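Down below are the structures I want you to see.
In the two complexes that follow, subunit A is the common piece, with subunit B as its partner first and subunit C second.
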Partner chain A sequence: MTTIMNLFGRAKSKNNTDESYYTAGQMALIKARFNRKLSGRIASWILITTLMLGLFASFFSPVDPTIKGADSDYRRGAPQMVYFWDENGFSLRPFTYTYTKEGAKIDLKALAGGGLAALDALTSSGALTSSNQNKYKVDQDKRRYLQFFVESWEYSFLDLTPIGIDFEWRTKLHLFGVEQGQVHLMGTDEDGKDVFSRTLHAIWITISIALVALVVKLFSSLIVGGVSGYFGGRIDAVLMAITEAVRVIPPIPVYLACAVALAQIDLTSVQRYFAIAVVIGLLDFATLGRRLRTHILTERNQDYVLAAQLSGASNWRVIWVHLIPSFTSYIIVDTLINFPYVILAETSLSFLGLGLTEPVNSLGVLLQKAQDPDIQQNMVWQFFPVVIFVVMVMAFVFVGDALRDAADPHSENK
Partner chain B sequence: MIDQENLLQINDLNVSFNTDEGSVQAVEKLCMSIKPAEIVGLVGESGSGKSVTAKAIMRMTARNAVVAKQSQLLLQHQEQSIDIMRLRGDGLKLVRGGVVSMIFQEPMASFAPAITVGDQIVQCIQIHLGYSREEARAEGIRLFDRVGINEPEKRFDQYVYELSGGMRQRAMIAMALSSKPKLLIADEPTTALDVTIQAQVLELLLELREQTGMAMLFITHDLGVISKVADKVMVMQKGRVVESGSVKQVLYSPQHQYTKRLLDALPHLSDLPYAPERQSPIVKVEDVTISYPQSGAGRNKQSFQAVKSISLALPKGQIIGLVGESGSGKTSLGKAILGAASISEGQINYCGLNGDSSIVSNIVFGAKAKKVPRKALAKVAQMVFQDPHSSLNPRMTVRDIIAEPLEAMKLTRSRAETDQRVIDIAKRCQIDVTHLRRFPHAFSGGQRQRISIARALICQPQFIVADESVAALDVSTQAEILSLFKQLRDDLGLTILFISHDLSVIANLCDWVCVMRQGELVEQGSVRQIFLTPQQQYTQQLIAAIPLLDNHQKAIDTEQSEVELLSAAG
Partner chain C sequence: MIGSFLASTWLFWLLLSVGGLLFWRSRSSQYFGFVLNRYLLALLTLLLVSAIVFSLMEVLPGDCAEKYIAYKNTQGETITQADIDAERVRMGLDKPLVHRWASWITDLTLRGDLGFSCAKRQSVNVALGNRFWMSFAFCIGGLVFAYLIAVPFGIFSAFMINKPWTDRNPQHSSAKRLLNTVWLFVQKAIDLKLRIISYLGLALPNFLLALSIILIYVFAGESTPTGLFSDQWRDQPWFNESGFQYGKLDDFIAHIWLPIFVIGWSATALQLQTVRALVVDETNKLYVDAAKARGVSGVALWAGYPVRHSINPLFNSVGFDFQRVYNDLPIVAVVIGLTDSASLLIEALAMTNDQELAAAILFLVALVVISMNFVTDIVLAAIDPRVRRSVLG
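Coming up: the complex of A and B.
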């Protein structure tokens, strides 16, 4: 009996390394092939890092990204560099300086008494131009040392209440901060909100919206594609006709209509946007649905499906035990590859002013802000979210690409 | 330096492939020479390195292939010795469709589908001979005529899908001849063709050799073909030449074990079994017609009849061969017997089932009783498929694959019982039971086919349909699987319907043979009758077209004269 158990690995058997390749399942093989591709490996690490930064954004952020944490003394402030040494000596603990904004020096007295000539002098002096407002003074003698694991504003590190578990872990702990005042690694915006912290918080909002859109999309495509492909014939014809009809509706007007319709309901801007994400997902089933249909159409003609039918397996068993598992790797890959497109959809909606708007932190909002000529000329540091966005999208594309190659059995022959 | 007599001389060819698992030696220390107007046969199974050799001659090896530096490939051209390895750029045209030219296994895949066949040949002639378009066209049509394509002018402007299989291969040969090559490399040129067309193409190649004095390197896995065309033979195994010499030497007094094995796989017409006892039928095919809807819609809807009103009785405990060329409807018939193809007329009657309380004694389905009793049928009749790769679910372990019928129909009471039955059947099919936890990708084609057979046998069926079950396997593996089938017939009393286009397999395996053509049953009889004294003209053509060794031909002649004597006497 034990020998039989041994054969099927239900009893603990000796681990034979040679055997591992032969007993490797589909996923294990994909993983092994994926690991061979350097670009995919690097990209996946970058991706995981960005996702972690986004997921635990509050922990990694030194400053509260909302208006509560806005630094009124350092609006439109440039990034603050972190140093280990300067003329005053070397320090193991990294530090920044104390930056103070220069107030606009407007000689009110002269203005009051000088008449037009004084006003003319003021306007031509440049004191009123926005670039002049960015000036700040660095006080090198007042170092601000970076502190690690500091306590600052309170946030909830882990909140399970949305999924029905009554658990929330609130903490004040942050990865780093400074003793007095605030540190702005990537500068601040016109309200004094920290760009670095805002960007980290934006990552997660964007990702979660993309996730919602993708999950909805996945379900609608699975249903349409699966039913269409498995039953074929008339059902297929009707469903595909509907798919084509949906496909020709231009998405932007639909989103516009949704935004207007949703405006009637009293929702917070994030809720409203989630609702739009659901609509994006529902309307976007055409491509994946069609692909799935084709996939099922070819797969159901494979000999092993016939073999299962001849073995007396019911239709249900054929679908669930034989057909569906053959799609999983495909679906995972397709979803990953589509991720950047959904993020792009979010940003383009925000760009049009349809999606999220200030003061919500989402990459779309921050990207939209970066179009402002004022920012382009005077606050280039607000392009930081663009960099993060590009890095994240590239990482998604590379991981998806490597996964697709890994999941494709033909790639081994290359 | 090249020997003056030789057209092509290869010294010490070494080719290896860089793969993820390291370097794999594909060709090792291969030496060969081809004289003008000589046909050299290169025989071996897939993966033995014969195609790699051909590609090395044309300098077309895959990107990850490394041809070793000491390899010498010398070609005699215009009284000069040319080192093929040193050719660069335009010089390569010399070995690619110039002095050396090639025909491929699958003509359908070798022609561009969106350009007419003629245009492709014109292009080839223009490049190599520098003719004008009109001259090239005239030359191309002349070539078409020469390779025996009727209505050459019309065919010249057709696309490849409009030509039949034999025509395509002829067009391919015309294209290869267009540059007036001195050496023609033919890579399995007849493997994809039916036997009758194969014979015509071989004849054409021999004729062309006579007329043009062109030498040929003929690559094939089929020794019968080699015996018909080649002057010299080289047998390759795992990248090495294991035996070489004249056709007579190699085929009639083989020295190497491997050559002997290959020869064993040829039809042994001299010792065909005599007609076995007539058994009562297990399955009756009664007036079965299978039609598939074809093009057109509504009233114009046409249907294509794959099987036309066939009646057949399959005798119990025997292996019945179902032979026919591709498109003859043999697979449709096999599937219909298992209830996997819809029958438009007639019925299938399982009348000879061994009565067991769990098994219904009589299963009938067909045009009238549409509903196939799937579960009852699955217990008595199973299928072994052609392609061992696509017939096993890649996401299931071997154990799960074999146990599938038991689990789908819940025939066992516990997992342990299922496991025990899997082990028993695996042993019977000679599968290593320690491999049951592996996935199918870890197995070779032959082993996969054993798994497929084990799955078919697990619920102890009485009847099995094997659809081209050895067609995808190498000769030596083929022999193993065939002997397994024979063993199953003898041990379990299994009835097997063996569908194949390969007459040598049928001759080696079957007791009873049915010949199909275009959906109709042409002839049936014992294997000895069919192979030695075929009655119908089509069967005679089919048998005559099998490339046989001469001593087998003698067996046919004696048998026929005996029959004639008998009929004269009687």
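Coming up: the complex of A and C.
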């Protein structure tokens, strides 16, 4: 592998006739070509970082993202900045300040006795406006130092019970926290839930939904494309006619209809959403299925297929063991390229209130909140998930672009 | 008698006569044989689409009878389950799905009747009116916007794809190397920037983009460009005593750019990727090398060889691009407050469960996509000798 890398790296002009180049597999070549793309490499690092943050969200987030971890003393609070120095001096250990809520100056007695005039005075003083509710007093003398690898709320780091193994590793270890109270790097929402922790947890839910959809999509396109291409003739004609018909219907309205139908069945919102992910995957077989069919149509007359058939391999085996593996690299690349589109479908559904809904942390849910005028004007920090979302989708698209270029076998000598 | 018969079956005769004409021409021309083949295939696909759409609508809760009875209920009548069942029988809803689908498709092919919307209690054709054409215009506008940006920039991006950031050619003098490096760097930077901007359109969800633009207007204290017209012009006619109302046109343009821009920008990313991939594919073909060997270079080489050939598949995919853009339109329409067929579709699916209306709109979109594919197929076969050879044998 390293020799191939070198081929494309610094030593590329010297030994183009190196043997390892000609014996390298398709995947190794793609990997080597991919590593030459600067934008793709940067994007893939950003992507991996985001995915890791999402995968180990509980470890990286200092606060429990559910309502249990909501900070009732810091609702609608702005991000708490982390400093290394201020007027009071420098500290090697980063710290944040103590934030306290000023009691609202509502003179209830005057209100009770004074009637409308007192009410007018109260409203015009601004104590009731929502932007005033975000005001917290910052006590610069009370520093709260950040602690690393602290014990805080409990979470399950690894839970194998869903797949049937009775194993759960629960831990309380977190990357960082503060001495007293909680630290809210990206502020809190109207319930006091930590925006940073919610966003980290949302990443993985969104990714896992996309994964389910893509795996289902892979299977449906493999079946349609494989069967259609291998058997050809009448089966091919019928399957392709259906594919063509599915391809012309805009998908989001179809997902919508399915979401509405699933809403009648009594499922938890996560179960329902996974059901929608399956629907998204099932209906998305057209493009990949057709590509696969064309590939298999050209491949099925090759000698190795004939050899397999003569050795008595069943049709199923020829398709799955001989024909489809010759197409693996394309399939992988296509799957990665399709990732952002599936994620976007999730957000569209959540926007219409038919995807996941509030207590669940998914990027679609958090994005949907961003359309609230209150948040747009008074709690700009709740746009943090939007930033993460945009960065993640961009990273996916750039990685997809670089992969597409890398998977093209002709792109070498240019 | 015959007049009314023809009037109620006009679409069928139209379809039949087009088919007959094509059949007659196909006997003397291989090309028209291909056109006839495509025509029949398009009709078959439409039939399949209608079946899929129609059975999809079965999953929506409620049916026509329940809605009608619910409406009567609001009028103060007490309703029992027996009434609902009786109504169902009267409307023919107790018949199997295939039966209802057959009657729907017959009405459609005979006279273009898209059925009756129960939630709106009027014919779907009336409920839609020219709203579908409105959506159509938005989509085409968005597509044109996307193409205008994606085609030139995609070609440029493909041109830059495997260029290095620095010039290390030892045969160049160091001054030339420096000059080349600066030039390459500028080009690479432009390419990267263009790609980032166009992918931002994809990464920023449509609704957020539309909302942000509206928000900017709110903060600036201007009136927001939601809907199609501002209040002042909404009820004004296009023409009055003093001739054409240019003020209304101005107002219309000031509002219509927003949906077109939003859906156009998000379509740009995919178009750019496609154009880029297509041009790169063509660049690696042997005929480009042959042209290079003949001494063709620079813009003439690019415009004359790979770009020219990569335009065809792009043209061929216009239908599916339309479908993709329409796919994005409903959510934008909801945010901006448009009253076109896309927002009707959302309303029908998510709020009123209006199966007939939703099915009709989905069918119309599919109809447009299929017709576009039909037209691009036959046009390509007519103008491109390579395609003609491959389809006519």
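Everything below uses one rule, namely that the second predicted complex is superposed on the first by the 356 of 414 C-alpha atoms of A that agree within 3 Å, B and C clash if a C-alpha of one lies under 4 Å from a C-alpha of the other, contacts with A are read in each partner's own complex, and residues count from 1 in each chain.
The definition used in the following text is that a residue touches a chain if its C-beta (ideal position, glycine included) is under 8 Å from a C-beta of that chain, and two chains touch if they have at least 3 such contacts.
Remember, it's a predicted structure, so these values are computed and weren't measured experimentally.
**Student:** Residues of subunit A touched: more by subunit B or subunit C?
**Tutor:** C
**Student:** State whether A:S39 touches subunit B only (first), subunit C only (second), both chains, or neither.
**Tutor:** second
**Student:** State whether A:P340 touches subunit B only (first), subunit C only (second), both chains, or neither.
**Tutor:** second
**Student:** So in the superposed three-chain picture, is A:R76 touching just subunit B, just subunit C, both, or none of them (first/second/both/neither)?
**Tutor:** In the superposition, A:R76 contacts neither subunit B nor subunit C.
**Student:** Using the superposition on chain A described above, determine whether A:S326 touches subunit B (first), subunit C (second), both, or neither.
**Tutor:** first
**Student:** Return first, second, both or neither, reflecting whether A:L306 touches subunit B, subunit C, both chains, or no partner chain.
**Tutor:** In the superposition, A:L306 touches subunit B alone.
**Student:** Does subunit B (first) or subunit C (second) touch A:S314, or do both, or does neither?
**Tutor:** After superposition on chain A, A:S314 lies in contact with subunit B alone.
**Student:** Intersection of subunit A residues contacting subunit B with those contacting subunit C?
**Tutor:** Comparing the two interfaces on subunit A, one with subunit B and one with subunit C, no residues are shared.
**Student:** Help me check something: in the complex, which residues belonging to subunit A touch subunit B?
**Tutor:** Contacts found on subunit A: 1, 4, 7-9, 19, 21-26, 29, 36, 302-304, 306-314, 317, 322, 325-326, 409, 412.
**Student:** Could you list, by residue number, the parts of subunit A that touch subunit C in their complex?
**Tutor:** 38-39, 241-242, 244-254, 256-258, 260-261, 264, 340, 344, 347-348, 351-354, 367, 370-371, 376, 386, 389-390, 393-394, 397-398, 401, 404-405, 408, 410-411, 414
**Student:** What part of subunit B is in contact with subunit A in the complex they form?
**Tutor:** Per the touch definition, subunit B meets subunit A at residues 20, 338, 340, 374-375, 377-379, 382-383, 385-387, 390-395, 397, 399, 404-405, 408-409, 416, 419-420, 423, 433-439, 441-442, 452, 455.
**Student:** If we count contacts the way the header does, which residues on subunit C are in touch with subunit A in the complex?
**Tutor:** Touch list, subunit C to subunit A: 44-45, 48-49, 52-53, 56-57, 59-61, 161-162, 165, 192, 195-196, 199-200, 202-208, 211, 215, 269, 273, 276-277, 280-281, 283-284, 319-320, 323-324, 326-328, 330-331, 334-335, 345-346, 349-350, 353, 358, 361-362, 365-366, 369-370, 373.
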